[in-house]
Amino acid sequence: MNPEFILGLILLLIGSAVSAFPRPKNYLIQLINLEIPGWGLLLVMLSYNEALALFTFGGVSALSTFILVRVIEKRRPI
Amino acid sequence: MDSLLVVIFGFIAVIGALTTAFNREPYIKLISMSMMIGGIFPFIVDRGFLDVAAATAVIAPISTIFILLICRKGEP
Amino acid sequence: MWEEYSIGLLGVLLCGVIAFVALAIEKDDLHRLLLIDLVEIPSLGIVALLATDLAEALILPGLVVGIAELLALSQIYLVKEGLKEQPEGRLHIEVIEYADAPLILSLFLVVYGIILSGFTGGGVAGLGVVFYFMSRGYKEDLSLLEAAAGISWAIWIVSFFVFMFLPQYWLLAVFGAGGGILLKVIAKMSLVGTMWGRSHE
Amino acid sequence: MLPDFLRILIAAPVCWILYITIDVYFKLPEQGGVSGATAIAKDIERGGGALHGGYMMGNIVSSPDASAGTLLASCGVTAAGIPGGLFAALLVYIGNRICYDPGYAGTTGAVVATFVVFGFTQIGFAASDFVAGMVIAILTIQGLSHSHASRLLATLWRWRS
Amino acid sequence: MSSVGGTPLFLLEFGDIVMYFTPYTTSLFILALVFTCIVILSRPENQLDIIFGSDGYYTKETEVEELRFRRFMSIACGLACLGATVTGDVFDFTLFVSLVGITNVGIVAAVRSRHVQNAAFQYGIVALAGTVPLFGGAAIVAATNGTLSMIELSARTMSGVPLIAKALLTLGVMGEGMAPFYAAKAEMFRAPGAPYVIMCSLSSLLIFLRVVEVIITM
Amino acid sequence: MIISRISAFISDFENLMPLFAGACALLFIIGILMLPLPYEEKQLYPKQINRSSTLDPYDRGGSPFTRATIISQYPQNSPTAGYVTTYLTPLSWFLANTTQHLGTTIVAHPGGILDEILYNTRGLDTVVEPTILFIAFAIGSYLFRRG
Amino acid sequence: MEVALLIALSVCAIIAAYAAVRVVLEKRPLRKLPYLNVLSFAISGSLLLILPHPLSIVVAVAYFVGSTLESNAIASTYAGGIQKDG
């Protein structure tokens, strides 16, 4: 149980709670909230020294943000 | 890492996450998220994964710029 | 015997419960799509708790697969809602429009991605390409990319059979596999970037 | 050999003078480099500050200027001596290109700071003192009171012009 | 190895992943193979609608490209079924099942009708959510037993696979195999290219049958 | 009748998603209740961390073109397992001899333990994954081009 | 770790914590950015001091430039971007 692990779990829980029930409820807020559990998972991976997985996760989560932005942008107004 | 430093950086990350989570303004959320990421970086560097840290530092703002595309432009 | 594995599993499963409850009561389709992105995180978390090299070998491709399925679903969503109007798709600020930020950053990411190779390199380099396309509003013919993806898939399959049936040539197969997957993932991800523009023709 | 805290407290004003001089010399307080910097300046002026000081603070926020050059150069000297500092200067130049800035202030600051910090290491200071000193120096401008800091910077700008 | 499917007749080894052909899995494999061949060979006919009250009729226009795409997806689905029926590794099985899921989404989504597109989207969401229990179940199996190979797992005298992992795997397969619920609209079966829709149902049936064997064996 | 009502509920595909998500949530809660799960210490491909090595998080022993010992499931099926783990390209050889903290870059470059697992011993997994990628992008680009 | 490094690191970390508190307490988004700037100065200083190695320079610069770019983009987008003249 190292500090990264505990911190990661805290961020994971906060993040998934607020991105499951965003407030105010719109797509932009939910998309921003989605970043928090991502960074939490990154810390959990860090605590197990899974550097390559962490790295790939960083890149891929940015890409998935882009994909979701593309959908939301086409669906204006938010 | 020293336990004092762990507490401080953990505090920055958690307080950043909480502000990101419970604020209602998109811009303030993005600023707080940047703060949270600042708290997380020392942990990555402390493990000695310098290449991962450098690349992640470049990727994080790109992700923010993607999100800025849908923040309403010119509107506080 | 509440050791670290069980505690981690508790946290990750709680996240899963929260996400699935939200998914169960959600009615709006786009919110569902966003929640699906959330639900992926606990599943990766459960795998990450395995804490061996095997865990990483299971996470890496799982990530790439997750994003591919997300892309397919988002495209189905756009088609089903009939959303075709042009998004503006550009950010009118100095850093993107005038500065060299997109060029330098994407160059860095692409070069570094090619050095990395494999799934990781593909993801990183693909991100660089997507960022460049996004900021410059560039459009490219899709057919070239698809051909590249097909060829790289074939390279990878050949390398797989070399590994399985001609193990003495493993060195060749490592390079074939790494390069093939790199090319494939970059090509697919750049497809995302070109889709940012208007639809073909 | 001075005690540790005292060395940091001496390093802070040295860094402060260094980066303020270079920033004012390269006319950072004249106008905002990007629209974000201008907006920050206007916001600070509305909060009771001075416009030209606000421009400088906005420019510091939105691109790596001499203060960043000083910080990163002293980081470089801490890690690898003079070559580290010059390498940091090169990276700061690239960073300036990324952030839509001509890059004179940041690079000059980094190069000058490399030699200043190296000079101080010869008389018993540690390069890491300058990292902490620079953080304290930037705290006095950006982190304590925006209105007072911007008025101070505007006064300095009036002398320059 | 003793399992419900009988003793393996033949093992096909790809490194750590061993495909095993017991009588049970072999029969599923042959079924999948036959249907894949049917899909490859079948030429979907054009559908005729008779105008009521007269002798006239017209042919429903469908694009060649759409049919070709759906046929490609069906073939891929058949190949995925082939893999899913014989693979001897839990994680590999989950991957093949998610491949079946995404190809089924493709088969449904290619139809140009808003209603069907909506069904495809809903099914796609279920399929993507289904990967969560699938991967989770496989990871729990690996963590509690230290192996992913079904042959190893069935060779253990005392089964160490927790019940929750089995339940997660089953639920995941149910999520991926929900295609018939979405395709079971009359218009889908009446639409041109119906053999491809039957492929959906068949693949779901096959992966259901296979997951039963997997969880009993473990 | 209750059965007809259930079948009416299920036949509307809008309702299936909430049903499935609810089932997943329920199962996860059951999973939490069953929790302290025993973690098997004897895992395949275990991690060893050697902080002083230049290949830091991925140092699995061995020098180039020798065999490392890999704890895989069926060692007899992969006769060359262990060579890829120790292999370093010239670039990564240079990096490994120069600096201490670039272990991730070195392992992501061709060669290394993850390439061993992904391409060699568990290659079939990796065959399926690019195929999923391929299928998903085929669906996306087909729908995009059709407009 | 040397004493000088440790003290410098503690100074950086405490200033980072102070800046974080100020970021949270400030109400207006544009006024938060200078405090965020202090935070990123402190963090990039401590990144190097945690592990003084030549490669850490790259990490510190990458983090600093990334954070600056982010602030720049946020501020410019908030301000409305490039004003079209004429």
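By written order: A, B, C, D, E, F and G. Residues from 1 in each chain.
As a working rule, a residue touches a chain if its C-beta (ideal position, glycine included) is under 8 Å from a C-beta of that chain, and two chains touch if they have at least 3 such contacts.
The model shown is predicted, which means the values in this text are computed figures rather than measured ones.
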item: Fewest touching-chain hops separating subunit A from subunit E; value: 2
item: Partner chains shared by subunit C and subunit G (touch criterion as defined above); value: B, D, F
item: Subunit G and subunit F - chains in contact with each; value: B, C
item: Between the pairs A-F and A-B, the one where more C-beta pairs touch; value: A-B
item: Greatest separation from subunit G - chain, by CA centre; value: E
item: Remotest chain, subunit D as reference, centres from CA atoms; value: E
item: Interchain centroid distance [CA atoms averaged], subunit D/subunit E, Å; value: 62
item: Subunit B-subunit G separation of Cα centroids, rounded to whole Å; value: 10
item: Intercentroid distance (Cα basis), subunit E paired with subunit B, Å; value: 41
item: Between subunit B and subunit F, centroid-to-centroid distance (C-alpha), Å; value: 27
item: Multi-partner residues of subunit E (at least 2 other chains); value: 14-15, 91, 95, 98, 102, 105-106, 109, 125, 129, 132, 140, 142-143, 148
item: Residue numbers of subunit C (touch at least two other chains); value: 5, 9, 14, 16, 20-21, 23, 32-33, 42, 44, 49-51, 54-56, 58, 60, 62, 64-66, 69-72, 74, 76-79, 84, 89, 91-96, 101, 105, 119-120, 124, 127, 134, 163-164, 195
item: Touching two or more other chains - residue numbers and ranges from subunit D; value: 34-36, 94, 98-100
item: Interchain pairs in contact, sorted by label; value: A-B, A-C, A-F, B-C, B-F, B-G, C-D, C-E, C-F, C-G, D-G, E-F, F-G
item: Complex interface listing, subunit G residues touching subunit B; value: 6, 9-10, 13-14, 16-17, 20-21, 23-24, 29, 32-33, 36, 39-40, 43, 46-47, 50-51, 53, 55-56, 58-59, 62-63, 66-67, 69-71, 73-74, 77-81
item: Complex contacts: residues of subunit B adjacent to subunit C; value: 55, 58-59, 62, 65-66, 68-69, 73
item: Subunit E contact footprint on subunit F (complex, rising order); value: 10-11, 13-14, 16-17, 20-21, 23-24, 27, 30-31, 34, 37-44, 72-74, 77-78, 81, 120-125, 128-129, 131-132, 135-136, 138-139, 142-143, 146
item: Contact footprint of subunit B on subunit A as seen in their complex; value: 3-4, 7, 10-11, 14-15, 17-18, 23-24, 27-29, 31-33, 35-36, 39, 42-43, 46, 49, 51, 54-55, 58-59, 61-62, 65-66, 69, 72-73, 78
item: Residues of subunit B touching subunit A in the complex; value: 6, 10, 13-14, 17-18, 20-22, 24, 26, 29-30, 33, 36-37, 40, 43-44, 47, 49, 52, 55-56, 59-60, 62-63, 66-67, 69-72
